[in-house]
Each structure stands twice: as C-alpha cells, then as structure tokens.
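Take a look at the structures below.
Same chain, two partners: chain A is paired with chain B first, then with chain C.
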Partner chain A sequence: MATNTQTIKDTVKNYLMTEFLPGEDPNDLTDTTPLVTGGILDSISTFKLVGFLHSKFDVKLNANEIANHLNTLNDITDIVQAKQGVA
Partner chain B sequence: MTRRLENLLGDAHQLYPDRVAIEGPDEQSVSYGKFAGAVAKIAALLQAQGIGNGDRVGIYAHKSINTVAAMFGIMTAGAAYVPVDPDAPIRRNAYIFSDCQVKAVWAEDRLLSRLQGAFPAEQVGRVLRIDDVSGICLQEIQFPDTVRSDDHLAYILYTSGSTGQPKGVMISHENALSFVDWCSDTFQPMPEDRFSSHAPFHFDLSILDLYVSFKHGATLVLIDEVTAKQPAPLAAFIADRRITVWYSAPSILSMMTQFGCMETHNYDALRLVLFAGEVFPVKYLRSLKQIWQQARYFNLYGPTETNVCTYHEIPADIPFERNEPYPIGKSCSHVDCQMLTGEDGSGELVVRGASVMNGYWRLPERSAKSYHIDDKGAAWYKTGDLVQIDTAGDFIFLGRLDRMVKRRGYRIELGEIEAALYRHPAILEVAVVAESVDEELTITAFISTAAEEKLSLIKLKQFCADHLPLYMMPDRFNYLDGLPKTSTGKVDYQQLSLQEA
Partner chain C sequence: MDFNLSEEQQSLREEIIRFARKELNEGVIERDRAQYFPHDLWMKCGEMGLQGLPVPVEYGGSGLDPLTTAIAMEALGYGCEDGGLTFAIAAHLLACVVPVWKHGSEAQKKRYLPGLCNGGLIAVNGITEAASGSDVFSMATTAMATDTGYMLNGSKTFSSNGPVADLALIYASTDAEKGYRGGISAFLVEKNTPGYRSGQRFEKMGLRTCSIGELVLEDVQVPADAMLGEIGTAAVIFAESMAWERICLVACHVGTMERLLEQAINYARTRKTGGQPIGKMQAISHRIADMKIRLEATRLLVYRAASRLGDSWEIDLDAAIAKIHASEALVKTAMDTMQILGGYGFMVDYGVERVLRDAMASTIYSGTSEVQRNIIGRWLGL
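Here is the complex of A and B:
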C-alpha cells in the first residue's frame, strides 16, 4: 500500500535526525538539503538508509537509484513513492 | 677574519655608545655602552672558568636585559649558547643540557633549585655570580668526556622531533650573519628603529629581533612571556612602546585583531610587520591591515634548520574575495630554494646556501637523512614542506609532508581542510588531525568559535561540501574553547592527537 508523501518525508527525516544527526536542529535539515553531496551521508550511512527504506517501506533500490536518487528528502520521497507505485 | 655575531654589538657600541640597546619588559633600559660592559664582564667570568672555544653554555631564564647579555657573553667567550624554554618541564630541559653537554648554564636565580635538582649531585658544580648582573647566575654542570664543538658554532636551537626527543639544530655565526645581512638589504633598518622581541629566545624568530636590531644600532624592546600571549595588553604595549618593526608568528596577530581592542590605540610608528612560522589566515590578515594601515607586510618562511629562506611582500590591498593564504614567495638572496617535483606539480621544498644549518647535534644519521643530494653532489636541506609554484614564480605552501594522508586513494593535505574551515565566518581557530586505527582513517577537526557557539552540523558539513571534495570531509568536529599552543605559540598538534586518542 502506498504511503502518502508527508508521512514518507517525516519518517525518513526522523530516521536521519536520530541516526546521523543526534542533537542537531531539525529545522536545519530541509527538504532540499543535499545529503550525499553535502557530506551528511557517507557511503556507510547511505547503505544504512537503503536498509531502512527497505524495512520500513518495502522498497528495494538498485545501484543507480542509490547513487542518484537519495540526495535530498524530496528525492528520497519521490523514489519511495515511485517504487511503491509499481509494486 | 671570520665574522661573528657578537662583533655586531662591538660595532654598534663604537658608533652609538649612548643609544638605547635594549628596553626591558619593565621599562628599564640599557645603552649600547653599558650593555657592552655587562657582556664583557660575563665573557671574562666564563673564560676565567675555562669556558671558551668548543664549549656550550645553556640559557635557562625568562626574557630580561641580563639574559640577552648572557647570550652575547657566551659568544664573546668563544662558546655557543643553548637557550631553552624556561617554562618547559625541567626533564625536557635537563635532557637538552645533557644532550649537548653544556659546561654551565646561565640560570635565573628562582629557577636554580629546579635546575640543580634535575642532575645527580656529583654533576652539579659551583654557582657563580657577577655583582652588577642581578637575577641570573652561572651554574656549572659537569659531564665526563665533554665533546668539543666547532669553533664557528653560535647557538643550538632544539626543535621538537616528531618522534621522541628534541634535536639540536646547529647554527654557525656565518649561518646567522648571512640571514642578518639579507634582512639589512631587504628591510633597511635604521638606528631609530624599535624592534619587538616577541618570540622567545629558544625560537628562531628571535634571531632577527636580536641581531638585526643590534647590527643597526636600533633598540630592542623585550616583551615578557605573559604579555606576549595576551592580545589586549600586547596591543597596548606595541602602541605605548612605539614599536616600528614587528615580528611574530601570525596566531598572536590573529588574536589581537579579535580581542586586542586595537582601534583604541595609535600605531603611527609601526613601519614593518613581519610574520613567519605558520599560515596567516587571510581574514585576520585583512583585519590587521585595516588597523595597521601604513606598514609594509612580509610573509617570511623557513624552518629553524635554514632560518628564513623565502619571503613575499603582501600587497597594499587584499581583495575582498580573496580567501587563499598568500604565497611564501621567492628565495631570499642568501640561499637557493627549489621544488623537488613530485606528483601533480607539487613537491618538497629544498634549500641550500649560507644560512642552512650544519646538521643536528650529534645525530649524524638523522642529519644525513635531512639532505637531498643532487646530480652534482650538492646537499639541499629537505624542509618536509609541500609546495607548488604559481604563475608568478612564487612558492605556495601547501602543508607539511607528514600531514599528508590518503583516503580512498586520494591524497589529502590536512592544512587544506583547515584553510577551508577558516573561511567560515564563525570559526575563530581550527586544527585538523588524522588518525588511523586498523587502516580506518578518521579525520577530526578541532574548532573554536566566537562565544562558544556550537555550529549546526548540517550547515557545517554543507559548508565543507561547498569548499572541499567530499573525501576531505572531516568525520568529527570537536569544539574547544581555544586550541592548545606550543611554547612558541603554534598550534600544538601533538596535544590534539592525544585528545583524539
């Protein structure tokens, strides 16, 4: 079942804040903050995020999607929705 | 006849007997005539104890007119002086005095018991005094089978070795004088000049202060070790004492621009600002130039082993958009500098010529390793510093070779990460260290910010990503109230690495 946009976004943001940015101000992490190119997610944390998306939303991402579609909260939300739509 | 440093004093004494040679920290002063008299007495006392050519004498005292007299007295007697940081642990200082087998130490009265306690009783000899030279005295120290040093040796400066014990850089009279003469040609000192003596005497910056000022019959203004580290009192001191030639490491200048209340003082007299020893972040250099507007600024570069070997005059106006530090510049005329070309157009800076040391004291293997021998058999001192050459032919300092790490196959110069973080408006000081545990490299940035403000990690990482490739992103950001400093005022990386571990 598809999850609505805001729920995905909030869930992912909550995960990123707890897992990688404890103690930081959530307002600093916007929908367009670059996560990979901004150095917030390194390769290990990217793979942790991929694992989280799989367990939480039952979404499997291929290498290209991991490399190119996880850079912002908006990107992540879009790819999760797109993958759920075809599931 | 070979030239010697102490003759500079003799010449100044002939020409300017009544001019003020030194102003002490507490405003007492001494004329060249009177100072030369004190030096002669110290030299006579040393010679009467059989101390002369081929010997070393330690200096274990804070800054004072009498400390300077002791340095000149030692050289006049024919020996070499070995200054140490009087505030360093006594074990380290005792190591230095033992390593170079001093015959005696000129020690401050209040440090005498500490010095004596550091040696076995049978090595501690007599204490000798000169009536009108108060505050310091001569402590004899006995070593079996003392080694004789070269008659041309003027002083030994101990620098911290990256591994273990400090090593003694041997500098001859001719080494030092070649540098002093270059300073004369480049900076045109005058008898009316008032030189700051900010650097401690165990730091090679002191060579310029002491000998260039004496050579020209100028006045040396001693700054005590406490004032030297405090921006506001120091900023007032420079104005009150009407310093004309300033020379220090950049870090204290950066501190003064931030905390010195400099705008309340008058710096009309200042004509020359020289800095060396580390990179001067451009944002602070720019602030300083706005306050000390009329002075000329020079970035001087050189390790203790060569003294200053390249220089670059900072242009009158620093463009608003400029962030990268200024070049270390071109070779000084008394030496040759070259880049040993390595990967990607950068390479190690090597130096040969008149001011290059005669090796490390009693470390022949370490000394041999520190030179590069070229095709023609000439020996070049390897600075361990990585440079590039820009289109104007100036050397650009990239960082220490030993501060280069590799991550994911990329070469990372930790200094480059520091330079990027220094551009951040809220960051006052930054030092980056790398540590490798089980092949896993961790890069930590130590940061101090204005008003103990902790920066948003998200924004800070974003800032790094805007200025650095991602493989240079620090893994950790640690906040400190201020970075730890060595006794010479440079960032203490060893201390930071300990905190890291």
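Here is the complex of A and C:
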C-alpha cells in the first residue's frame, strides 16, 4: 500500500534523528540536507537505512538506488513512493 | 527456525564429503609445502558444481538457496583437508561469481557464468590496495571514461587467485570526489587484456595452495560493457558480496571445526597415560566439551545468517557476527586440537598445524575482526 509523502518524510526523519543524530536539533535536518555527501550517512548507516526502509515500507532498493537516491529526505521519499507505486 | 537438514541437503552434504575425501586430500602436505595450486583438483570441483552452487541452473550453476549453499560449503570444509583449495573456491564463488550473477548484464552472465561455474574460468576479486587495507574505498585505482569505454590504471594487492585468474573483478574510482558514495565502479577484465597482468606472487604462512598476489593495471582499455552493474554502484555490489563471503566462506570453518573435534575425540579416547585414556581427564574432556559448544554455536550463527541472505540489508550485521565468531572459533579450536594432540599435533603429518596456519588468516581476510566489531558497533548505534 502506498504511503503519503508527509508520513514517509516524518517516519524517516524520526529514524535518522534517533539512529544517527542523537542530541541534535531536528530543525537542522531539512528536506534537502545532504545526508550522504554531508557525511551523516556512511556505508554502514546507509545499509541500516535501507534495511529500515525495507522493514517499514516494504521496499527493496537496488544497487543504483542505494548509491544514488538516498542523499536527502526528499530523495528518500521519492524513491519509496516510486517503489511502492511499482509494487 | 528449523535447521534440521532436509533429505536433499543431507544427501548433498554426504556427496560432497565423499568427493572431497576421495579426490582432494591426497598429496596435500606436498602441495602445501610447494605452495602449489592444484588446477586439476579445481577442475574436479568444477565438475562437482562447487564453484557455482547458488547460481541459477540456466547459467551453469546448481541453483541452491543460500542456506543450502552454506551447508555445501560446510561439507567441503569438513571433507577437504586442503584449506587453500577450499579458500580459493570460496573466494572465487562468493567475491566474484556472486557479483556477476547478481549484477551482471544478461550478456555478461551468458559469457562468464558457465565457465566460472564449471571450473573453466578462475576469477579474482581486485579491491585491496597497498595503501588502503581495511579502508577499501580509499582506492587509488582509477577508471577514466574514454570514447570507447574506460581506461583503468592502478594496482591491487593480496588478491586471492590473482596469479592463476582468467577474469578479474576490478574495483576502481570513477569519481574521486564521490568516493564510496557513488564514485566507485566495478569492471570485468579478462586476463589477456593489454596492460593487465599478474604481479608479485606472495609466500604465505597458511592457505599456501591458494595463489595470492598483486594485480597490475597499466592503461587497460576496456569497453563500456565491461562495467559490472551501473556506474558508481560498486560499493553496494561489494557490500553484498562481502555478506555472502562472510557467511558462506565461514561455513567452511564449521566443517573444519567438526573435523578437528572428531580428530581430538579419537585421539583422547585412544591415547593413554597412567593407564587410562587422556579423555577421562577433565583437563582434556572439558577442553573438548568447549570445542563442541563452540562448533554448535558457530553452526547456528552461520545457518541463521545464511537463511536470511538476500532478504534484507540487515544481513550486514548477521554476516559480521557470523564471520567474527566463526573465524575466532576456528583459531581457538585449531589451537585446542594441537594442545590435546601434544607433540603429534605439532607434526606436519597430523594436519593440525596446517589448519592452524590456515586459520590464522581467517580473522584477517574478508574484513578483520576489528572491522567486524566496528560494523557490529555501528549497527548497535554506537
């Protein structure tokens, strides 16, 4: 079942804050904050995020999607919705 | 989870053990001493289908699921006393064949997988560099786009099967600024490609029947369709292959540990001191009991991880746990066996010293124990 944009964004943001940015100000993490190129997500945390997206939204990402479509909250929301649309 | 073997799995296990004992063990002491890679035995393993266990049948593989693949590798580790050959097969299958199967184009799969599965082709995984060991993505090897494809330059080291390989899976930087974040790509390079060559071959403490060496790439021009997967996706390809390797390679350790346990029990039941078997002494029986506990715990970790391979990226954590536990358990079990066998264990003819030498590498290759603990720590939010 498709999940609406804001729900995805809020869920992922909450996950990112809890897992990778404990104690940081949530206002600093915007929809366009660079997660990968900004150093918030490294290789291991990226795979943790991918595992989370799978368990939470039932989407499986391929290598290209993992490498190139997880850099911002907007990117993540788009790819989750696109994958749910395909399913 | 039910890890009782099915009839098919039990039959496969017995078949591989029978094959290994009959075909792979004769002359292992001499091969180890001479650091000789047994190409004839490699081909026999290919006929058995060992180099393509999980690959779909349509590409020449056996089409096994990951858990059954691990069970087959465990059987190989149990029956085969040539740890270098076992390692060579595992490195080929898990770090090279699996990526081609999982990420290759249809043309690449048709071109390479049949030969990779039947033993006709030997593959090497080229990622480690002299200046970047565990930090594998800080690589200096580059792939520059050209009119017809890519030009590869650089060198790789500690490449298992490198000196005997027909096909190299080379990881190279296609965008230095991006690094592992979309800047690393993978290429399939055939051994006769101009500019590609095998460099220095290393002498090693263990795994001596597996050839390990350098790979040199000097202006190696490859066509665009030599790229494995899409540009910038190699970090993901590599991570997936490491999950397979950290689970199915260490499945071999389970088999080896079981063989050592049986060797220790047989010795402890027949070797007498003070008129009774040494196994009646708690110093020995407790050590053997600990070996049994270690074996069964390792087997469960490996089976559990293998049963989840392909389901989720959380396998990264399972793989790290299985790998570190199995490799450290193998070292400890080899040392325990040597202690129980005493002076005999130290003698080459008994094979225990060779297993111990081979085992010492297991906490280093495929990510050191320190790297595995880093991964586990990160998954725990540290």
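Basically, the second predicted complex is superposed on the first by the 87 of 87 C-alpha atoms of A that agree within 3 Å, B and C clash if a C-alpha of one lies under 4 Å from a C-alpha of the other, contacts with A are read in each partner's own complex, and residues count from 1 in each chain.
Everything that follows uses one rule, which is that contacts are C-beta pairs under 8 Å (C-beta built on N, C-alpha and C of every residue); 3 or more make two chains touch, one makes a residue touch a chain.
Fair warning: this is a prediction, and the values are worked out from it, not measured in the lab.
Trainee: Would you check which partner chain A:Phe47 touches, where first means chain B only, second means chain C only, and both and neither mean what they say?
Mentor: The second partner, chain C, only.
Trainee: Looking only at chain A, is it chain B or chain C that touches more of its residues?
Mentor: With both complexes superposed on chain A, more residues of chain A are touched by C.
Trainee: After lining up the shared chain so the two structures overlap, which partner does A:Glu24 touch, if you call chain B first and chain C second: first, second, both or neither?
Mentor: first
Trainee: Between chain B (first) and chain C (second), which does A:Asp10 come into contact with in this model arrangement: first, second, both, or neither?
Mentor: Neither partner.
Trainee: Is A:Asp58 contacted by the first partner chain B, the second partner chain C, both or neither?
Mentor: neither
Trainee: Output check: A:Thr37 vs chain B and chain C. Expected answer is one of first, second, both, neither. What do you get?
Mentor: In the superposed model, A:Thr37 contacts both chain B and chain C.
Trainee: Do any residues of chain A touch both chain B and chain C, and if so, which are they?
Mentor: Shared contact residues on chain A (touching chain B in one complex, chain C in the other): 37.
Trainee: Name, in rising order, each residue of chain C that touches chain A in their complex.
Mentor: Chain C residues touching chain A: 103, 137, 178, 180-182, 229-230, 232-233, 235-237, 239-240, 312-314, 316, 375, 378-379, 381.
Trainee: Residues of chain A touching chain B in their complex?
Mentor: 21, 24-25, 28-29, 33-34, 37-40, 42
Trainee: In the complex formed with chain C, which residues of chain A make contact?
Mentor: Going through chain A, the ones touching chain C are 19, 22, 36-37, 43-45, 47-48, 50-51, 54-55, 63-64, 66-68.
Trainee: For a test of understanding, state which residues of chain B touch chain A in their complex under the given definition.
Mentor: 456-459, 461-462, 464-465, 470, 473
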